[in-house]
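Read the structure below first, then the notes.
When the chains are written out, they are named A, B, C and D in that same order, and each has its own residue count from 1.
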Amino acid sequence: MCRWMAWFGQPLRIDELLFKTQHGIVDQSLHARMGAEPTNGDGFGVGWYGTGDGPTVYRSVSPAWSDDNLRELAGSIESPLYLAHLRAAIGSPVQQTNCHPFRHGEWLFVHNGYVGGFRKMRRALMFAIDSDLFADVQGSTDTEAIFYLAITLGLRDDPIGALELTVGLIEATAKRFGVPDAVQGTFGVSDGTSLWATRYATDGRPRSLYASEDVEAIQRLYPDDPRYQRFTPNDRVIVSEPVSDLPGVWNEIPEATAVTVRPGGVLEQRPFRPRVPASALAGEHNA
Amino acid sequence: MCRWMAWFGQPLRIDELLFKTQHGIVDQSLHARMGAEPTNGDGFGVGWYGTGDGPTVYRSVSPAWSDDNLRELAGSIESPLYLAHLRAAIGSPVQQTNCHPFRHGEWLFVHNGYVGGFRKMRRALMFAIDSDLFADVQGSTDTEAIFYLAITLGLRDDPIGALELTVGLIEATAKRFGVPDAVQGTFGVSDGTSLWATRYATDGRPRSLYASEDVEAIQRLYPDDPRYQRFTPNDRVIVSEPVSDLPGVWNEIPEATAVTVRPGGVLEQRPFRPRVPASALAGEHNA
Amino acid sequence: MCRWMAWFGQPLRIDELLFKTQHGIVDQSLHARMGAEPTNGDGFGVGWYGTGDGPTVYRSVSPAWSDDNLRELAGSIESPLYLAHLRAAIGSPVQQTNCHPFRHGEWLFVHNGYVGGFRKMRRALMFAIDSDLFADVQGSTDTEAIFYLAITLGLRDDPIGALELTVGLIEATAKRFGVPDAVQGTFGVSDGTSLWATRYATDGRPRSLYASEDVEAIQRLYPDDPRYQRFTPNDRVIVSEPVSDLPGVWNEIPEATAVTVRPGGVLEQRPFRPRVPASALAGEHNA
Amino acid sequence: MCRWMAWFGQPLRIDELLFKTQHGIVDQSLHARMGAEPTNGDGFGVGWYGTGDGPTVYRSVSPAWSDDNLRELAGSIESPLYLAHLRAAIGSPVQQTNCHPFRHGEWLFVHNGYVGGFRKMRRALMFAIDSDLFADVQGSTDTEAIFYLAITLGLRDDPIGALELTVGLIEATAKRFGVPDAVQGTFGVSDGTSLWATRYATDGRPRSLYASEDVEAIQRLYPDDPRYQRFTPNDRVIVSEPVSDLPGVWNEIPEATAVTVRPGGVLEQRPFRPRVPASALAGEHNA
């Protein structure tokens, strides 16, 4: 169980969402309300665009609440597009290479959830990763394997489509291994120009996911809140769990749904429908 | 808010109490029930006697729940007398030198609680430490200052008496600085031959503290529990919070009380009555 | 023995000096040539101005050569004024609060060298710090004590003068304690508008310190080196040890000398002459 | 480039060899003389038998020279058989799961050297690991892959034979990938009852490796050195680099050689001759 959030809009200092918001994500590191566990203390990461060539990633094995460097950086770095993630490890070691966001080239990737029976299927899934990408896998999480499978299956051309194929591949593999609940969770992806997020579970209810409402609607709801008056129609936030208690600000993203946030705050929504990749059907990935 | 526990009795593997007990102290690192906060994830430490010259201390800034080395060491080290502590930092940095147990020569020291207004009084309290000991203070916690004050005021001859003088000195200093609730908490101390613990608060209810009941009584209560049948009358456990839900096993140590555990499981109880040291009255520590 | 460097000029990406230069400071973390030790692996820090309110500091206990976050940040952060420091600990623990740069308000402070007999004098020096500043001291290094003494003695009004008083105070204290070589080293200080550096030793030869030559002179020397053609007359670098082997680029700062770098690359040089503060003479700091 | 050492004999406190010996292994972490690099600061580990069920492992990403816990543990733990390793990373991240010794059940494994072109061959080598063991690989080093290949190829029955097959497999794979110097280095292995070590390089001179001379011979050489008078004929030390300057104490293990140390200090020596496993020839590992 993890927590993540993404900002896309006007350049915003990172601490605005991480620290300054009521029930912000760093507060969630100690007191998550919607997760399976209230504590998300097994490391964290922030990835942002706009200050270097490609995204910059800061990851640490400290709990977010006690990392002085995070406070420093969040207070001085401003970005139009950033993702933050708090980790609650389930099995794999607490180490920097297991912290999200994962990065490949321009791409950042975060995940809240798990692959059921990952230990059993790890070899089969790792083997399905493009052989040229294999050596780039640095850690041992299910999430990083998912990320490299998605790249293998076309993430760079069609992020949602590639995630549908990836989930389909994992579900087919799980069937082969007799694993019941193959994929659980929400994913966040960006290449610095758009932001994609999905919410899905093979079985049962997926992890929660919310998008901020249209800013004009929020400003009408809270005309006296200076925080919301500063926001513009270009700004969107995607979060595992609402970062404030104000009603009307957050829209739950439905189950089995993907959203795309494009520049200008445009939010598109479509169903998320896993499909087994043809290559897997052909047994290519059965090793 | 922290959690601590101490074992004194037959040589026992450290993981017996840290990991194998229902609601053991590592479980408490994530789910403390009696503390001000459920999470105690700002480092931890274990100190034990019997395997080296004097006590050995293992301290880490990782949360106890994710520290692989702790599992390794706890599973292989056996000691007749050990203290374990989980830290929930309140202000001072998460660093090894701020983790308990603190050690000086043969002595180990743990604390659950705080000095009110420590920031204000830090200089005055540090100045009251014996000048020969001053440079041994390595970290920045109130606890370490208390420990060195207690050594200054006679801990090595009379641990409870020295802690009464230390608390008296802090209370007198607090009065001078206009600080209301000077001292809160429980202390655990050992020199490897006995174990001392106190429970006290200047104002209000002090942090919880429990001693295990007489083992024979426990065995009569739970004749079928193999864990308790292995214990002997020599064995005593002192804990911030009970490590199992079995009724009858734990006696709450009353407020303003000190206990001494001597070899053979002998538990002595006396009132804990802070007194201002004569030197402080004479203004020697007013710098 | 440590290594440090400071950049003041046009906004420059931090990795330009830390990583991309021949024998740059991160290379010096493994292979310092002029220090007492070739390895500076006991943590590091970078402090920079211009991206937040006041300076931002990133400090870590990892060796600089293996810290992925440093590579990430250095590759994406650009600043007109930054200081970097590599630590080689001599006695005090490897912890973030002992890593340079130290910060107080707008001020950053780095040091290469030591206070002789610091353990002996620590209490006396700590109690000479302004009582309102005492609780801000977070670590246990001699450098942090020097920094807070300098603030106590007027750093914010006259940095070089305050350092002369601080060194004078330490030398007077050392005399009292029978310590021979009181102060050794180079200091770097900034408030974000200017940069000050000193080179001094009570006894013997002080640690090395260099300033980059006038850029126009450098460009005449190396007309074909694109790196130097990009530099402007506004740019100055101060370093413990030259970061390239090119002759003519670096001027050694003489012993017992202080330099001030002002905006526009203006470099002023004056003698550094420790003086005992009047307050110390009056015995106020003799506690 | 790493450093390692192993002790097998009478129960000996770990610090005797790690800290108390002239040019001991912790000193080698800063000043190795025979390695490719003088600094081995990318983490370390110690594994020992005799205090728990199976071996206990303490690993840390700190440099060995600054890890307080290592000093504590080494000063209090006594073992008849232990291995210590200092890491100098070449490419893979500095994280606990990349620190040696690696453990599987009763087995400990250390390595000084590298697999040439590991990045290229990583996938092929990983898929040659027994599929039931695949998920146990936690880190990303060449060494851990070698260890699990060796287990796959019979380490538990014939450690030297399995290492010959493993090196043969890697050399065959390297040929396939056009990698010239496949395997370089020394390995140390134990199951708690014996100790095995090998020295080999596909091309050129392998890393250095030494075994302590017969103790009686040493005692005759240095009749007045109390350290050697305490040793018994049961005691053997295997080291990457001699831990003292005394001539006559250390025998270089020849190139392409394996040694077995059995209880009682018996040292057997045989050639180390890589062989390609039949399964690899049959193309089973060509995936």
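Keep in mind that, in the parts below, a residue touches a chain if its C-beta (ideal position, glycine included) is under 8 Å from a C-beta of that chain, and two chains touch if they have at least 3 such contacts.
Please read all numbers here as calculations on a predicted model, not as lab measurements.
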Contact-richer chain pair (by C-beta pairs counted) among A-C and C-D: A-C
Interface residue identity across copies chain B, chain D - same or different by half: same
Geometric centre distance via CA averages, chain D-chain C, whole Å: 41
For chain C, residues contacting two or more additional chains: 68, 93, 96
In the complex, chain D residues that touch chain C: 30, 37-39, 41-42, 61-63, 66, 68, 89, 93-94
Chain B residues within the chain C interface of the complex: 92-93, 95-97, 119-120, 122-123, 126-127, 131, 134-135, 137-140, 287
Parts of chain C lying in touch with chain A, wherever the complex brings them together: 13, 51-53, 56-60, 68-69, 72-73, 75-78, 96
